[in-house]
Every structure is written in structure tokens, then in C-alpha cells.
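Once you've had a glance at the structure underneath, I'll fire off some questions.
By letter and in written order, the chains are A, B, C, D, E and F; residue numbering begins at 1 in each of them.
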Amino acid sequence: MFQCKNLTCVREERVLFNNLNFTLAPGEILQVEGPNGVGKTSLFRLLVGLSTPYSGEVHWQQQNIMLDRDSYYQNMLYLGHKSGVKPELTALENLHYFHHLFNPKVKFDAWEILTLVGLAGYENVPTAQLSAGQQRRVALARMWFSDCPLWILDEPFTAIDKNGVQVIEKLLIKHAEKGGMVILTTHQDLLLPPQLYKKLTLQKPAAGEQYV
Amino acid sequence: MFNAFLQIVRKELLGAFRQQSDILNPIWFFVIVVTLFPLGIGTDPALLARIAPGIIWVAALLAALLSFERLFKDDFIDGSLEQMMLAPQPLTWLVSAKVFAHWLLTGLPILLVSPLLAVFLSLQENTFWALFLTLLIGTPILSLLGSIGVALTIGLRKGGVLLSLIMLPLSIPILIFSTMAIDAATFGQSYIGLLALLGAMLVAAMTLAPFAIAASLRVSVS
Amino acid sequence: MWKWLHPYAKAEKSYTLSGKLMPWFLAVALPTFIVGMIWGLAFAPADYQQGDSFRIIYIHVPAAMMAMGAYSTMAIAAFIGLVWQIRLAEMTVAATAPIGAVYTFIALFTGAAWGKPMWGAWWVWDARLTSELILLFVYLGIIALYNAFSDKVLAGRAASILTLVGVINLPIIHFSVVWWNTLHQGATITKFDQPSMATDMLIPLLIMIVSFAAFLGFMVLYRFRNEILQRESHRPWVIALVQQSSSSVNKRG
Amino acid sequence: MAFASWSDFIAMGGYSFYVWLAYGVSLFSVLLLVISTVAKRKKIFKHVEQRLLREQRIKAAENREGTL
Amino acid sequence: MFQCKNLTCVREERVLFNNLNFTLAPGEILQVEGPNGVGKTSLFRLLVGLSTPYSGEVHWQQQNIMLDRDSYYQNMLYLGHKSGVKPELTALENLHYFHHLFNPKVKFDAWEILTLVGLAGYENVPTAQLSAGQQRRVALARMWFSDCPLWILDEPFTAIDKNGVQVIEKLLIKHAEKGGMVILTTHQDLLLPPQLYKKLTLQKPAAGEQYV
Amino acid sequence: MFNAFLQIVRKELLGAFRQQSDILNPIWFFVIVVTLFPLGIGTDPALLARIAPGIIWVAALLAALLSFERLFKDDFIDGSLEQMMLAPQPLTWLVSAKVFAHWLLTGLPILLVSPLLAVFLSLQENTFWALFLTLLIGTPILSLLGSIGVALTIGLRKGGVLLSLIMLPLSIPILIFSTMAIDAATFGQSYIGLLALLGAMLVAAMTLAPFAIAASLRVSVS
């Protein structure tokens, strides 16, 4: 169970959103929508605990995430605008590092996963020498061996080609079917059938809510 | 947990060895700075020997400083820092691994070339040993203190020179005690007390700095 | 103490409270300053060794003492702010730093102007002097760090962390005179059992110390209010305040 | 009174330059601090006013067609 | 007239494409397509003269671009993966800089243009403090006051919201109608009517062409 | 064309002034390095005065070095460098504007604080003037030479320390001639010849370096 309680975000003196509430149960996918600059990334950084909310709390299994980071982070996978891939290491080395740091208990075959994300043949090239989309794929590869129930994905489809987008969407459905939860943003329309996911549309605060 | 520590150190070393020049860079910088001084000051051996420990220490400080950028800044830009902060291990621990790797890549090489420089600057054996010991204890403190500085300035564009502003005053005590110890050695006095003081500072830094670094990171990366 | 207040109301309350306190500090600082300065400059007897140059003491020593005092205040505030997550305390740190820096600068400058006639050089690498210089650097570092952040909440926290880390310099500054043999005076007035200074000279000095302390308090409060305004500028009460002041300006002009 | 005359007072027993320099620079730097602090307060007020104007502009722009 | 003659690109010993030829006449829009890592960005960097081709030439008005950079650059606008916007400067300052450096002869009203790209109210915020999409918009704003006939756009739609994409596509059409040329890549489908633009699909070289 | 030059300088200065601390940073760094030495070496005024010019020069060199990263690196990362290379003006000219801005932001401040440091290090007036003049002529050469180094290393990740390796040897001649001039001044000899030599180096650097920088950029950014 993932809960977002009365979350208020203030950035540079502007209120982005005020008293945001939502709950995510296992098996659900939530797409956060909204125009540029409305506060999606800011919201996600609150949800993963990278920044502290002006007011309100985020709860994972009835527990404030700020109070017990370690157990939250054992269950959460976040992919942001920045990919977190080390450019001077190869794809293979990057995967191994992620594996050891985040999911040490999962058994996995790095070569197999790199083939699945379409990087067969590029395993030993320093990531800096890959194309924009290929670099992104190295980061996304983590979804293929993650055992975390909660995935928080900020525009996972940037720079990914059409075929790639479809494959990832299938993966998301599979994850939800196994009881996982997904929160994601994207400016492209999801190709998923509408009954499979919820939408949350962020809007600019109305005139009365601009000041808290 | 130990595995995570090792993995981070391994990743840092791998990255450095991939960019082969990276390992040699601090040494070269150090050597060049030390050779600049005889050029700038004159080559009178007595004078050189007199100011040598100070120069070597300042050079070590500056070499550490120059290499700090790479400790966290690159990680910040490519997003691997924020991923590290989301890892299911205590951040203090992961951060210690990074500092340790930094020391391996800058402090250790400086220790290894110091005998060479001692020859260049006509140091005596006694003085050299004091220099070596203070470097051995002092460089880890530099790595730890510097990391606090980097962690504080990381989110800022162009934190580079701000970092030096923050870090230098903090490292001045180490510089003072080290050069006092070396001076004592030059005059044949015992400097064990000063070494103990430095050691105490190291222990304090090792226990407290990781917390300061982790807290600073939580501030800077948000 | 603040627990019963609405979480949003803390800042507004402290803003008004500090506004009420400010005049009191000023009421102490100004008269003591005038009295102390006239007394010290014109009425105190000249030193039998240093002649009239010793009158620099009336700003040098208060400034030097309050420079350290300001840092101690900051360190305590930083500790409170970080441990109990109190944003107001972090603002205090940011508010105090520039004042501390100015006091440190004054201590350094007056010391230098005193050193030239006494020691024959504007600057010597003496332990006391050096450590004061380091203190200035620490202050400047804190201010620069604070200014470099655009989000002032984060800036306050970063400055607090740096303040605490910088505390390692305090004992060094304090004991520098003991550890190294130095040109600079040892403790003279702080030996309370037997002050080694004539009372005629001592009293104006004490008055000036009080004045500098009160002025420190006044400036901290003023800057503290600035910090609150800056950080809370999205809150209705600040906007009301701004609109009120701009309309009153319009009425006048 | 430790001085016999005004000119004695100004001369400060031969140390006039150092004494007055010290006092002058100190007063000057304190004055700078005060001025900058007061100016800061004004700046914050102006900043908030500008922000209010800015919000009006955003409102106006929202009603326009064909913007990105 | 923009011509690409027998262009071959080799990167790290791999042939990306071999003997590529195409011509673009005034009023044409060309979309370069292809999966991740096929070489679109590499092609674009050849087209603008940032890197030198393994073999072949790029011609602008019958003239090799490498031989007369200045006159080519007077007519060409390139937007790459990196936006070229200075994060510490405000949107306004960035636009002024671009204006003076690239199109000093055009008359323009920076405030108006910022309103057009949806940044009204953010004119004086340092760009670093804008959202991903807003930062991108600052870079894209150059299209609104550029007098260059040739636009070369590498994934201009990244991070832009749906409404934004439509507005940009309209701008591209207007540019083409005035006799301009556009070369762009994107992984999203263009919403333009198909008769308005050409497609060039890059493919991985077949087995026989892998070595030149 | 002049307009483009001014615009680039303006942009650089604006960026630096935005980050208010950025303008003061080189100065502070410089001041701090200069204070480190007395701490490390000892406080004997005669000794200090003797090595002062060397220290100031080395500090100026390091301050320039530390600030080079920002000259092109930031521009490279955010893509404004590649945009600059696509501007319809000669690249050599634009590049000169950047170097000039760099000098305004690092060389000039150092010149301005040098009197203060002269006091700290008990320099004599004659020596000070020689120091000032050599700095005046020397720092622009440093900016120019350093820019070649940055332009060469920019495409490499972590070029930071590599840069210092390339740049320090190049700047050694300047250091040597400058300190020779200062030494001559200390002993009351004429140093006009050495200054002329430095001036000639400056002219050569100003005419040739922009081409080297532009060519290096075309190689690095590809």
C-alpha cells in the first residue's frame, strides 16, 4: 500500500500543488499527467524521499518513508530524468553494480538481460559511446531484474523508439499482474487498455490556492 | 553491507583505470606543483630543504582539492548519486566507501611518490619520516573533510572554487599540526604527541564525517 | 514550546515577536555606544606604554570577542536546527553570519592598525592573528555557501552543517595563544580575579562590549526578519504586508 | 578629560592616523552592514510585488491561443 | 538546396550507414526515422559540420559546407540532444544571447516570444530552475525568431507536452510553406498529414555492407 | 562581429555575477593559498619576503587552473559550446571573447588583490611593482595557454587533472621569466628586458592561441 497524504509542494515561493492525496494498491498502475512545469518531477522526488515536502507525508505500508528509508528503498525502484548510468563503465559493469547495490538477492544473468533490452553486441562498449536511446536502455534494464514491488518512473520512454515503448508497456502490465505497483509520467499516450491504469492529472493551483 | 562497500570501491577504481590517466593524474599534478616551487623561488638547497615540508603538504592539499570534483560531481551530473541515495543501505556507509576510494586514488599515490620528492628537495631522513607519517595520517582526514565540502557544494553550478573556499580553512589545522611535527623532527625533537593529536583528529573525522557528508548530500540533492 | 501553534503560524509569530524585541536592543546599543566611545576616546587615561594608540582597544576587543560570540551563537543555533529540524534556527544561522564576518573584519583591521605602531608591521604571522583570519574565511565560506543556493530552506541547512563542521576551528583560535608563543597580548580582562587593567580604562571597555553585544542582537533580529520574509513570501500574511506597505508608499507620494 | 585641547584630541598623542583609521573603517563597515540589511528588506518587498505582477502575466497568457 | 552526397559514417570501427544520398528542396520537411542507435544523431552531426564524414560530402547551395562554414551557418539552425541553454542565465538573457549571436538582423520581441512558447511569467527565472520541458522550450524558442531557411532538429519533442508538440508541428508547416526546409528526427509519430513530409528510414547495414 | 564579441563577454560576466560568489571566488582562492604558505613554512618575515613572489605566482597559476574547467567545460556539457561552433562568426573570434572574459574574471581580480597580499607577505615596494607588472602581462598569457589545454581535453570525461598536466609545463617559461624579473627588482637591477620578453610572449599568444583553441575545439567536439 502506497499512500500520499496531504502533500504540498512549494518551489521558489510558488505553490505547485496543495493537499494532494492518493492511494495505490498492489496491482495498480498510475499515470501522472499534466503540462510541462506543473510539478510531476517535483512530486516524484517527494515520493521517493529525495526532497522533503513543505507539508504532508508519504507512507509505504502505513509507515512514513522518511522515518524508515532503508526498508522503503528495499521495495522501491526509481528512474528519473537522469539515468544514473556511469558513462565510463560498460553496460555490463553498470548492470552488475546496480544488481549488487539494489537487488543483491535476485539471481540474474546480465548478458541475457542486455539482450532483452536490445543491447546484444554492445555489452562491453563504454556507455558514453552509446546513442541516447541505448544509454537510456541500460538504465531501464534494471526493471528486468528488480524484485521491488513499487516502481516510480519519470518519463521512462524518453529517447526510446516505438518498438521499445511497446516492450516496456508489456513489462509494466506483467509487473502489475504479479501484484506490483507502478507510478509513471509520460507525455506520450499509453497504449495500454484504459481499464488497466488510473490517471492522476496535476493542474495549476486555482487562484485561491496559490498561497498557503 | 560489506558487499555494497566493496562494489562501490570497485566501481570507482574500475572507472579510474578505464580512464588510465586518471590514476596518474594526482601524482603528476603533485610532482609538477612541487617542481614549480624551485623554479619560482630559486634553487638554493638549504632554503629548499627548509621550506620543503610546507610545499609538499600544500601540494598534497591542492592535489586532493583538484580531484574532489570527480568524487561526487560526475555522479551528480549523471544521476548515479541520486540512485546511490536511494539504495537500501545506510548512506553513511556508502559514502564512506566513496571517500575510501578517493583516498586510494589520491592520498595513496601521493604517499608512494613522496620518497622521490624527498630526494628532489634534499630532505633529511628524519624529516622525511615525519613527513611520511603526517601524510599517512593527514591525507585521509583531507579526503573526509573535503568530501563534506563537495557534498555541500555539489548541487551548485560552479561549486568548484567555492569548494576550495570552504575546505581550505577546515584543513588548516591539519596543515599546522603536520608542519609542527615535521619541524620538531627536523630539530630532532619528539613529535609523537603531535602525531597522536593528528590520529585523534583522524578517528574523530572517520566517525563524524560520514554523517556530515550524508546529511549534506540529502540537502544538496533535492 | 511551539508545539501548540499551527505549523504554518510559527514564522509569523516569530516575525512579530522579534519585531517587538528589536527596539529594546537598539535602546541598549546606541546609548552605550555613544557613552563608551566618548569615554574611551576622550576621557580614559592614556596607556603608560602605548600612549594614545591603545584607544583602539575599545573597538578591537569588543569586536574580537563578539566575532567569536556570534560564531558560538551560530553553532548552537545550527545544532538545534539540525537535530530538532527547526527551520527558524537555521534561519538564525544565516542571519548571524554576515554580522560575525563584519565583526571579525573589524577586529582584524583594527588589530592591524594597532600593530603597525606597536610591532612595526601591519601584519605578522602570529597565532592569534592567523586564527582570526581563518575565522574570517570560515565566515565568508558560510556566507558564500548560503548565497549560492537559490532555495533558502536548503541554503539554511547547508550553512548550518558547515557551521558545525567549522566549530573545529574555535578551540584552535581560543588556545592559539597558549599553544604558540606569540606577540599578541594574553588574556588581560578575562582574568576576573585580578584584572590587570586600570578601572578607568576597563569600564568604558566593558560598556563597549555591552554595546557591541546589543548591536549584534539587534542586527540578528533584523536580518532574521528578512529571512522569514524571504522564505515565507508565498504566504498570505507576507503578501498582505507587502501590499500594505506599497499602498502606504503610494499614499505618501 | 585626557586631552588639553581639541587639536590634542585629534592628534591622539601622535597616533592620530592609526586611531582614526581604525575607528573610521570600523564605523564604515558597520554602516555598510546596516545599509545592506535595510536594502535587503526593501529588495524582498519589491521582489514579492514583482512576483504578483508576474502571476498576473501568467493569467493573461493562459487565455491566449496558439502558445506552446 | 541541401544535398547529402554518398555519406558514409563509421563510428568505432562500425559502419553506421554507407553511401547515403538525399536532397532537400525548399518547402520540404524530412523526417529521419530508425530504431535507437541506428545513427540518426551521428548523421545530423555530419550534416551540421560538427563531425567530419568518413567519406562523402554535404552541400548547401552547391557548396561543400566544410569549405564555407560561415555562410552555411548563417542559414542553418541546429537543435541537438543538448539544448545549448545556459542554466544560470534567465530565459530572457538566453534568448537575447541567441539573437545577437545567430540572427542579429531579425527584429524580435523576447517577451512576446517567451509568451508564445508558454513561458510567460518565467522570463526572469534562471533556466536551471525550470522543469525539463520548460528548459527545452527555451531552446526551441529560437525557432520562433530564426530567419534561417534550414532547420535541423534532433528529437525536438523530447520532454514537450502534447499541446506543445502540436504547436511546434504547426510552426514547422508554416516554415515549410514560407520556403524553409526542415530535417528532424523523432520517435513519436508526426501528426502532420503524410503528404506534407518525406521520410528517410535508416536501417542497420546489411551483412554485406558492414565493412567499407 | 564586435557585437558578437561583446555578447559573449556579457553572457560570461552575467553568469558570473548571477552566482555572486563566482566573481570573488578566484580572489578568495588566491588569498587562501597565499595564507597557507606562511602556515606551512613558518612565519619568519625575511624568509617570507624572499619566497613571496614565487608563492604569489604559483597561486595565480593554480587559481587560473582551477577556474579553467568552467571556461569551456560547462559550455560543453550543456551544449552551448557546440552552438557557439555553429554561429555564423569566425570561431577564433568567439573563442577570443571567451578567453578575454576568463581573464576579466580571474586575472584581473588577482591583480586587484595583489597589493593586499604584498602587505601580508611583507614585500617591498620595488618588488611589488615588478610583481604587479609581471602579473599584468603574465595572467593573460596564462588564460590563453590554459584555454588551449581546456579545448584539447574537453571531450574527455574527467579532463580536469589532465588539463593541469598539459598546462603547467606550458606555463613554466612564464613563471621563470616573471620570477627572474622580480628577483632583479629585489636586487635593484633593471628588469625591463624581461618584461619585454614577456610582452613578446603575450603578443605571440594573442595572435596564435585563438587558432589553436578553435582547431582543438573542432577536434574535441565531434
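The rule is short, and it goes like this: a residue touches a chain if its C-beta (ideal position, glycine included) is under 8 Å from a C-beta of that chain, and two chains touch if they have at least 3 such contacts.
This one's a predicted model, so the numbers in the text were calculated from it and none came from an experiment.
When chain centres are set by their Cα atoms, the one at the greatest distance from subunit C is E. More C-beta pairs in contact connect the chains of A-B than those of the other pair, out of A-B and A-C. In the CA-based superposition of subunit A onto subunit E, the rotation angle is 180 degrees, rounded to steps of 5. Distance between subunit D and subunit E, defined via averaged C-alpha coordinates, is recorded as 48 Å. One simple way to say how far apart two chains are is to compare their mean CA positions; for subunit A and subunit E this gives 29 Å. With each centre defined as the average position of its C-alpha atoms, the distance from subunit C to subunit E rounds to 56 Å. Subunit B and subunit F have CA centres that are 25 Å apart. Counting partner chains per residue, subunit E has residues 81, 87-88, 118, 126, 129, 137, 160, 163-164 touching two or more of them. Touching two or more other chains at once are residues 19, 77, 156-158, 162, 165, 168-169, 172, 176, 222 of subunit B. For subunit C, residues touching at least two other chains, in rising order: 137, 140, 144, 148, 150, 233, 239. Contacts from subunit D toward subunit C in the complex involve residues 1-3, 9, 12-15, 18-19, 21-23, 25-26, 29-30, 32-34, 36-38, 40-41, 44-45, 47-49, 51-52.
Every residue of subunit F that touches subunit C in the complex is listed here, in rising order: 19-21, 24-25, 28, 32, 35, 38-39, 43, 45, 48, 119-120, 122.
Those residues of subunit A that touch subunit C in the shared complex are 10-15, 55, 210-212. Subunit A contributes residues 45, 48-52, 70-71, 73-74, 76, 78, 80-89, 93, 97-98, 100-102, 104, 126 to its touches with subunit B in the complex. Chain contact summary for the complex, subunit F toward subunit E: residues 3-4, 7-8, 10-11, 14-15, 18-19, 75, 77-80, 82-90, 221-222.
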